[in-house]
Amino acid sequence: MSIWEYANPRRFMGWSAPLVPLFSALAALLIALGLVWGFFFTPEDYRMGSTVKIIYIHVPSAMMAINIWVMMLVASLIWLVRRHHVSALAAKAAAPIGVVMTLIALITGAIWGQPMWGTWWAWDPRLTSFLILFLFYLGYMALWAAIEDPDTAADLTGMLCLVGSVFAVLSRYAVNFWNQGLHQGATLSLDAEENISDVFWLPLLVCMAGFGVLFAALVLLRTRTEIRLRRLHVLEARDRTGRKGSGEG
Amino acid sequence: MSALLLRDLKLAVRAGGGFGLGLAFFLIVTVLVPFGVGPDSGLLARIAPGILWVGALLACLLSLDRIFQLDWEDGSLELLATAPIPMEGVVLMKALAHWLSSALPLVLAAPVLGVLLNLPTAGYGWLMLSLALGTPALSMIGTFGAALTVGLKRGGLLLSLLVLPLYVPTLIFGTEAARRGAEGLANATPLLMLAGITAGVTALLPFAAAAVIRVNLR
Amino acid sequence: MSALLLRDLKLAVRAGGGFGLGLAFFLIVTVLVPFGVGPDSGLLARIAPGILWVGALLACLLSLDRIFQLDWEDGSLELLATAPIPMEGVVLMKALAHWLSSALPLVLAAPVLGVLLNLPTAGYGWLMLSLALGTPALSMIGTFGAALTVGLKRGGLLLSLLVLPLYVPTLIFGTEAARRGAEGLANATPLLMLAGITAGVTALLPFAAAAVIRVNLR
Amino acid sequence: MRVEDLGCQRGGVPVLEGVSFTLAAGEALALRGPNGSGKTTLLRTIAGLQPPAGGRIELAEDSVAYGAHADGLKATLTVAENLAFWAAIHACDKVSEALEAFELRPLATRPAQKLSAGQKRRLGLARLLVTGRPLWLLDEPTVSLDADSVGLFGRAVRAHLSAGGAALIATHTDLGLEARVLDVTAFAATGGPAPGGFAEAFA
Amino acid sequence: MRVEDLGCQRGGVPVLEGVSFTLAAGEALALRGPNGSGKTTLLRTIAGLQPPAGGRIELAEDSVAYGAHADGLKATLTVAENLAFWAAIHACDKVSEALEAFELRPLATRPAQKLSAGQKRRLGLARLLVTGRPLWLLDEPTVSLDADSVGLFGRAVRAHLSAGGAALIATHTDLGLEARVLDVTAFAATGGPAPGGFAEAFA
């Protein structure tokens, strides 16, 4: 049996049903563990003080924001090439989660930036490209919302995701180029490798795993909802054609 | 007449986010400016009130062509003209619907975008106040412009052209009020002028717009 | 296929100045900015290349919805789809017509507006060169966006939302090239990147846009 | 209703002149004439959408319901919502009767954009009922309608007439109605620019 | 041309199924059926504008001229320019014949926006002649046409047929043509979602 069989809606509904509560519980556990560990059982950073704690939300959400877009790209490709409806719906279901992750990363970053850099926002390349990613998410979701026919919407958003990804990568380089030669660079370059020691790193890993599992749970849940919605539409349509003989014409 | 207002708001929601799109445009224009002028935060803070006002104005502008064009295309406008409500009332409701669906979200979102442009903290309240006082004038003037260009296919660009000069006084007083407020200076005069423009425009332009629509229909 | 190009240019001229309107919008946005940020000429000179690029980009953006929408509404697009020319060719001609009628005038007018913003003399040539290299990419990307939103009534605002993020790299390299040129710095890299984007986009996006139109028509 | 020596113009060119007729309550009048003869122009003039080039139109105020080529439907609103809107505007409460009269009940919750050409047309005609206006001005009302729907339309017009209404209908086809016929070619304008416009001022 | 067991869908809902017919050169076929029965959908499917939901369409490539409800006219171009454009696209040189055939010569320099409904329709039909395509797919071609123009249309179709063309015409009215009739109600889909789309995948 080919792996694609699992993308059949009925089979998908079957195997995903038990996974949703499982993943939800696991995510809650991991995130709780990571946060408690990180918040209460790690020393304060000598430079950043207690504000370093925000890293346990900021970094996992930032990572997920990027990973979710990549997952959407893969799902869109599968839809465009192999026409598996579930994968188109999975891409649709993932977008709002991605946008929320991006927002969380942006907001926690801003809250962190206030004590660290004395400003809520700076046009650092990394922050800037995140803002652009946010715009891509918005455009993708707006296009889904604007088109009523699901087949058309799936095709068009798939193409947009494809083209958008290329441009997202291009933007990343452009933004890096743009901000070179600006004096702020030095103060802004906080890199993980330089600043984070193992004490912080382990609970962070747990948090990142937690966010990953949380995303899996949410995307499965939302995809299942989308599938149910589609079924509802089909029933409505059948209702329509059923009544055609009696009422229309 | 409230039926008209409700219908327009309903259409704005159904059309896949009449509310959200103007907002998104506002966000994007605000983001583009730093790409253009460079990321220097001192420079950005200086031009922030102006850029935010221009951005809000452009976002308003882009949604103007929806005001009458769709109703014209599907024949609703002709039917409204023969309906038992005065054309002035139609115009006023249209302007109100535009303000509620397109301008009000901008007013509420402006402070968030102020963060991106390093707007000084003192400026947020004044920015919102100036926008809240000024955007009704933008909607009303825009409705007049939309009335002028109704019936022209893709009159969007022409509409912008007609309306932008009319927006200049509102823009000037609006940014003055926001800028002075942000710098801690007295700004009662520009705020009063803004309120005056809005009041005058709401009292007079519906008649002009209604006359213009009657001409365009014949 | 040249018949299509000629027709589109003819329509742009007849429609009451497809050429002039984008230009006028460019002019007005450029004029509004000093109203917004204040008349300090040093400040203006610093932000001039950026503002001119953003203005040109917005003027381009506003004319995008004309590309396919009218042809869709009057049924021409369906007829073109059944005509003996490939949809990719149609898309390319449409993008070319848009560039000729909307973007080229902006490139030529940019220096004049540079004067209004105190652009340093050294910058004029670089500004024009960067616009000339970058605007074809804007037209082509915009055509792709227009293809995505064809068939949506008044999709203009959605179109902006989809297209603007795609414009970011072009804008960044364009303003960098113009700004560095104006300041006498080396700007070969951004110019090369601009040319690269334009070439890549012209080679690949027509296929994407044609596919998208076929989806939209069915 | 009474029209006397009416002149009509379109785009500054006079199209009809000396149009005179009366239409009493309970009567229907069919406008006939080849393409471009001025039927649409006459209807628009009577509806008050364009000023007459001369003559008089005697007509009670707010008595006209105009049914044009375009139906005034919102694509994203459902059939019922479209009708409810026009009913609210005209402060009239006949939505469900209108749905019945044109057999739109099964389509009531369908967005207007998902209707076929003829279904849309039926909805456009149903709109007339919710205006509550006595005088119907109809421009080619049966376009795209199948025979059954033409029958529905005929029934609606007859009901309207017998309730004291009147109708003026421009058409090329047979409506299945007993109506007087007015041929607009008899009033074709003989030339000369329309009065009061730029064309006349610079003749 | 040959259609076999064709299925058609609209908006994910199957509308027709099992449509089979053949159309030889020189033949015309009239599609009949009440409003919403799927005539437009069938024509669009054959024109290649939407994918069939099943079955086969055998058709020489580039042989279809589609005449829809919308005429593909540019409001600001003149009648002659509109025709010349479509002639250039189809590399066909029959503009003046087309103008003659639909008596558009006197209107040749008039912008299309200043035509009455029927005149526009005539121009839309003239466009068919400049495509040079053998198979005409027409959707309610005589809407808004007066009796004379319907006569012109009949003549044009007969000329097209005798030159070896074919025509498939959806209509509610009588065209004055001798044509076989195909009633699409016979093929109304019995239910079940259209294959390949979202609707089917989630049935």
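Labels for the chains are A, B, C, D and E, by order of writing; each one numbers its residues from 1.
Rule of thumb we're sticking to: a residue touches a chain if its C-beta (ideal position, glycine included) is under 8 Å from a C-beta of that chain, and two chains touch if they have at least 3 such contacts.
Please read these numbers as outputs of a predicted model, since none were measured by experiment.
Asker: Chains shared as neighbours by chain A and chain C?
Answerer: Intersection of chain A and chain C contact lists gives B, E.
Asker: Please find the two chains that have the most C-beta pairs touching each other.
Answerer: After counting contacts between each pair of chains, the winner is B-C.
Asker: Just the number, please: Cα centre separation of chain C and chain E in whole Å.
Answerer: That gives a centre separation of 37 Å.
Asker: How many angstrom lie between the CA centroids of chain C and chain D, rounded to a whole number?
Answerer: Their C-alpha centroids are separated by 45 Å.
Asker: Mind checking the centre-to-centre distance between chain A and chain D? Centres are C-alpha means, answer in whole Å.
Answerer: 55
Asker: Provide the list of chain C residues touching at least two other chains, using ranges where the numbers run on.
Answerer: 15, 70, 152-153, 158, 161, 164-165, 168, 172, 218
Asker: Hunt down the residues of chain E that sit against at least two other chains at once, touch-wise.
Answerer: 11, 34-36, 69, 75
Asker: Of all the residues in chain A, which ones touch at least 2 other chains?
Answerer: 132, 135, 138-139, 142, 146-147, 178, 240, 248-249
Asker: What part of chain B is in contact with chain D in the complex they form?
Answerer: Chain B reaches chain D through residues 3-4, 7, 10-11, 14-15, 70, 73-76, 78-85, 217-218.
Asker: Write out the stretch or stretches of chain C touching chain B in their complex.
Answerer: Against chain B, chain C makes touches at 15-17, 21-22, 24-25, 28-29, 32-33, 35-38, 43, 46-47, 49-51, 53-54, 57-58, 62-63, 65-66, 69-70, 152-154, 156-158, 160-161, 164-165, 167-168, 171-172, 175, 179.
Asker: State the interface residues of chain E toward chain C in the complex, per the touch definition above.
Answerer: 47-51, 62, 64-66, 68-77, 81, 85-86, 88-91, 127, 131
Asker: Any idea which chain B residues touch chain A in the complex?
Answerer: Touching chain A from chain B are residues 15-17, 20-21, 24, 27-28, 31, 34-35, 38-41, 44, 115-116, 118.
Asker: What part of chain D is in contact with chain E in the complex they form?
Answerer: Touch list, chain D to chain E: 11, 33-36, 40, 69, 114-119, 121-122, 140, 143-149, 172-173.
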